[in-house]
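Below, subunit A partners subunit B and then partners subunit C, in two separate complexes.
Right, the complex of A and B next:
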């Protein structure tokens, strides 16, 4: 990652390196040990084994043979893992081997100090790495639930958990049947069609109205700007259940409850804050002298808007549209109340499925949605960079 | 150059004073901006603000009692709340209930009042079934005296006063209005019947009952009045009129259609059964004698009520004023407290988890920070239901976490941890779901804090902790504030996640609102609970606007 070192690396004495390595071994040994019946035995064996390995690696072979030693160690762990727990053990063993072979040299050669300021005390160094481990754990917390869903969606059984076959990487444990289920079930397909017919309409409505209003709001003199802004952002702030309840009451009064139009209008209202926020943010960097220059050269306001302003704020408009789309596509509370069975969307079906715990088809749908959100995220990131580049080009 | 000596107002190029010209330009600019905003503003007002306003209205609206039992409410006004109301109240109740039962609206009123005092619903239901039979007794007796009283055409002639007679339009529009209130619809058009002014003076009750029947026949049954036999309720009304001493005298001079038949009937009035509608109603259901039920009806007879709100804060209206409910009936206080408590726990967990992440992202080089940012944004962009279902899979008893713990031997197979359908499940899942909303504002604030400050503090002799606590932390507080309010606002109104992983102990007030709206159908209470929640959120929204400014909300 970094091509330079802040602190010169020096080999640490074995009296420091071995206990640290041993402690790491003991920690892992604790888990492996409890899994096999005796935690204490695991701790002792783990500590001794790692210390022995560390000694061999650091003292017997030494720095000169680092690459060979690491390969040998990985091979050793793989074999042990395979003997103990078969195929999953092999994979785990490989990972452990890779980690420990790296860890032994990292500790033993004092490489952990390379990127840190030389004046740090050992306590500060320890804290630095502890902090990183904590952050790593939080990131794992953030990402694991999403990652767990993906392999489970290929489950051959109708279970919501990993089967022994899956853990053995037995091909029989995996199948595409939940996906097949999703693509052949008329209920799910209808839900998908509903989602795909509601979300784009709602997006068009909120982007159309929202972009105009955002341009209006970013004019220099807008009376009651704060109040208007507060009203326009409120659909994002008001709890969905309250919006849903209110819309249910009001839309049934005017005959929109249970209609396609009702759901579209409701979703458009929910998407508007996102469009307003992203488009006004883009307009903050918009150079007004460009429109004046266009007018100066004889362009009428419409031409100016479409030929000058629109291309520049387009990234913001598109990302606002994506937000509005995902809001509608993901929305379940309002559609539950405002919609009827004919407007059953994908999230609605997932929600009822989760409440009644029906089939793992939900997981297949979830995986597809994760893939969609990754695509959207990539698009957004690309747009953001493009927008920044465009703004960088504009003078001022 | 000579212009500089000119002392009058500064003029624009076209000769108008510059001040006015500028003001006009400014006004045009403002109007243009407003014209651009107006479509969206109207759209949001119609599709979003109006529904919210409707909900607020419903939380105090209580017109059903006054609309279903208009005459009863009128008569009940003089009741002092002791014992049972006067006979006139029961009489009005009978005629109100008859019309309501014909329109099948009495059960709605019953379930509405049942929210306040259970048992009322069945009282309305049983009596609603019996009102026909109560009237039938008098109908039979009268028809025995003169079978003409069983014919629709005869009644029609008698009540309209015959061809060309003077009509009483007020009575007609009153009765149509009563029906409109009952059915919450508006009815327009001629019903082909106008009650006679003269007959109304002589037989007010019968004419009123017949006019209500006529309006109902035309608008609800879509039949012709003259061809239909009148309702049973008309007969007791007629007898009530005939028992009045003044009626005999008035009848003597009456010349309209059916005059002779009425006089004959009046002469035999003593042989007919006495009209005691109170006894009849009580016989149908003894609960009509219960003071507390009548109190409920009286208490909830005004068109607007604070009853729902009182209910939502575990209070009720009693004869002695407003009082707290019995201990075992107080559920909303607990629910509100739980919602607040859990939202706070979620907010604090988000701070605890989000702060290190935001810190490390703002301290790493841009490339690695962007990489980590993707890890934060991916959950943010993933469907809420995907994340909720993921947590359901992870936390359930046969789920991934329990499996791993069992495999590691930390937990015995038969004592798997219960981590779902309780508060723990809700807190964990919601912390995960709302964490990005905490990290993003924190990160954008921390990015602006120069790292050199920390180093300066340390070089001035501060230790790690002091440097962080006295120098870095105070500068990051705006980020914490922004994130906390956002997370708290979002958490407090969450519905989906608590519904799926919350079980019974981990649910929020929103789940109760949804229950009242879709299951128990107590919309008023649902709306009142929603209004309270909305008020809390609005206060927080205002604080957020003051502290952070809504313009500064960042998305990704």
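Right, the complex of A and C next:
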């Protein structure tokens, strides 16, 4: 906590604090209760228990003994969690205890106003925190499915199940065998090789064509710029299954269906819109007088492009390329149509594997892909910031 | 002298060319389509690996697309670009593909190996040759597994299909396949309809309503599955008390994964799975596929497959050759759906009746599900 407060803190009356604390208890109780069969019971028990705790903490012990009270409360939750659900209960109990002991004093002592402007009405204060809770809930909603996959991929069993051993944090419940399966199975390794040979090639094509198209379309004198742009971006807007079916029949006629080049071209077509959009966005900040200055100093257009324009739009090109790479690397619909069994990519194998054989190897692969995606997106974010910095420095 | 040498050399070349002709006529790669998972693994072990050992230089690519074989073969045919050489399909799909001209009609006695004792292939496969395009590999069944540890205390384990409908005695969720086939028959059977009267009854609107009403008594306790892997997952999770799925999947969960699950074989529904050859293959690919097909469906190969998965071989002559599980060393015969102990009361589902009524009943079933 910073020592700096905007509003002086004052202790709130119990008539305000206890219902709020009770409501928080009821909210958590709803989840715990639903998990144990009765949501209503959970709400009632949660509300009563929290109000009782709040009363004891605020009224009986009071502010002077805050540290001791908080410690006692955490200990209480840990013991209850341990009795109810063993080791995982202990961890969860500790977290709940830490949160609620903080929450009780935060509400009861009116600390929630400390960092807000003093003139805010109660409604505005309420909204300030409600807004944050909603944002947090959305974040949890988005991230939980990904987080659940990671521990499951270390399952010692061949099912998507948190076994009792796993919940007890028993090492016997965990294993790396699904990772081993991924790294030793020839099918998965072939799929990995296919993905790694298709995605970079598709990325190179997307980046090449996409950058050229973006530069061309940003020239003011090109006729029908908007129409051409719309057509080039259409693979992003048209439902994938329609592009895929169309490509399937077209590629079959010209002999590209089921070939490496066919899949690469199809993925390049899907990746080009991303490159066009990011490069076009970078070109907005590009000062055209630089190309004129270069020409003035005797550089031909090609030299100008590589020595002046390219370095400045490079962040846009790279981030577009990364998007194109991820598009190809994650793509399953088009490759199912355009590829043949020899071009099975990782997403293809995951898709068929999930349908025919629910095996945690898929989760191991998913975990590996999540890690790769995080690395790529971190790079992307770094480049975006660098581009902003460069744009800030560039004149105009 | 010189002439003799030339002649000899020419002869040698001719001979070499003559022997090479058969091998040259065959393509050196094949794409086989199957279901993935343990079933495909058993085909790789029992059929593909021995074939590749005998024919070095041939490559086999597996495509796990049997689930959409009908749709994909239609699209390939339309695009004039059939990339599959041999497709594993269930009997009903094979019949559809045969009717549509997408699968090649075969003369079974000509293209398949005879049994070791000389019995012709058509006699060896017998009634299982349900279509001219279809070469059966295995008999599998859709049957039930239940969680032994979720059994209420003091209650004997379920032994009759009607226990599925008995929520009072066996509380808990059930997993059933999301299709009318089997479910409607089981419902009628447990509603007191005699086995022989099931299809005549189901042919009437009142019969369909009776079956759906019986299913309705457990509808709120049913989890509907569409892929064979779902029921073992649900059972392993303890999400359901009992559920139907393919018997090989249950065997794998019980014997290989050591799950607390047991089989309930009563009124298991037999079905067939086998190969079809797509119509219109070029001559070299067709020659290779036929060579493989003859090898992979002979008596020994079909019996070998049973060492990896608990599906019954489709040839009569293979039954006596079924041995032990390749890794676990347990006797496979008692785990076969065709074993006399398991096949006491079986449900033989009527392909032709379902071919005629499938679309209609599917629509009714889906409408009922949505209610």
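Following the convention adopted for this analysis, the second predicted complex is superposed on the first by the 332 of 396 C-alpha atoms of A that agree within 3 Å, B and C clash if a C-alpha of one lies under 4 Å from a C-alpha of the other, contacts with A are read in each partner's own complex, and residues count from 1 in each chain.
Quick note on the criterion: contacts are C-beta pairs under 8 Å (C-beta built on N, C-alpha and C of every residue); 3 or more make two chains touch, one makes a residue touch a chain.
Given the structure is predicted, the values throughout are model-derived calculations rather than measurements.
Enquirer: In the overlaid three-chain picture, which partner chain does A:60 touch, first (subunit B) or second (subunit C), both, or neither?
Expert: Neither: A:60 stays clear of subunit B and subunit C.
Enquirer: Of the partners subunit B and subunit C, which touch A:157 in the superposed model: first, second, both, neither?
Expert: Once the two structures are laid over each other on A, A:157 reaches subunit C alone.
Enquirer: Between subunit B and subunit C, which makes contact with more of the residues in subunit A?
Expert: Ranking subunit B and subunit C by residues of subunit A touched puts B first.
Enquirer: After the superposition on A, what does A:249 contact: first (subunit B), second (subunit C), both or neither?
Expert: In the superposed model, A:249 contacts both subunit B and subunit C.
Enquirer: Determine, under the contact definition given at the top, whether A:355 touches first (subunit B), second (subunit C), both, or neither.
Expert: both
Enquirer: Tell me which partner A:227 touches in the superposition: subunit B (first), subunit C (second), both or neither.
Expert: A:227 sits against neither subunit B nor subunit C.
Enquirer: First (subunit B), second (subunit C), both or neither: which does A:342 touch?
Expert: second
Enquirer: I'd like to know which partner A:149 touches here: subunit B for first, subunit C for second, both or neither.
Expert: A:149 sits against subunit B, while subunit C stays out of touch.
Enquirer: Tell me which partner A:133 touches in the superposition: subunit B (first), subunit C (second), both or neither.
Expert: Once the two structures are laid over each other on A, A:133 reaches no partner at all.
Enquirer: Looking at A:257, would you say it contacts subunit B, subunit C, both, or neither? Reply first, second, both or neither.
Expert: second
Enquirer: Both subunit B and subunit C touch subunit A; at which residues?
Expert: The answer is residues 159-161, 248-249, 253, 355 of subunit A.
Enquirer: Per the contact definition, I'd like the list of subunit A residues that touch subunit C in the complex.
Expert: Those residues of subunit A that touch subunit C are 157-161, 187, 248-249, 252-253, 257-258, 340-342, 344, 352-353, 355-359.
Enquirer: Any idea which subunit C residues touch subunit A in the complex?
Expert: Going by the criterion above, the answer is residues 31, 33, 35-38, 61-65, 67, 75-76, 78-81, 83, 227-230, 232-233, 236-237, 257.
Enquirer: Using the touch definition up top, name the residues of subunit A that touch subunit B in the complex.
Expert: 1, 31, 34-37, 39, 124, 127, 131-132, 134-135, 138-139, 141-146, 148-149, 152, 159-162, 205, 209-210, 212-213, 215-217, 219-223, 226, 228-251, 253, 265-266, 268-269, 272, 274, 277-278, 280-281, 323, 326, 329-330, 332-333, 336-337, 347, 350-351, 354-355, 362-363, 366, 369-370, 373-374, 376-377, 380-381, 384
Enquirer: Given the complex with subunit A, which residues does subunit B contribute to the contact?
Expert: So the residues of subunit B touching subunit A come out as 26, 29-30, 32-37, 39-41, 43-45, 47-55, 58, 353, 356-357, 360, 368, 372, 374-379, 381-394, 396, 398-400, 403, 407-410, 432, 435-436, 464, 489, 492-496, 499-500, 510, 513-514, 517-518, 523, 526-527, 530, 533-534, 537, 541, 544-545, 550-551, 553-556.
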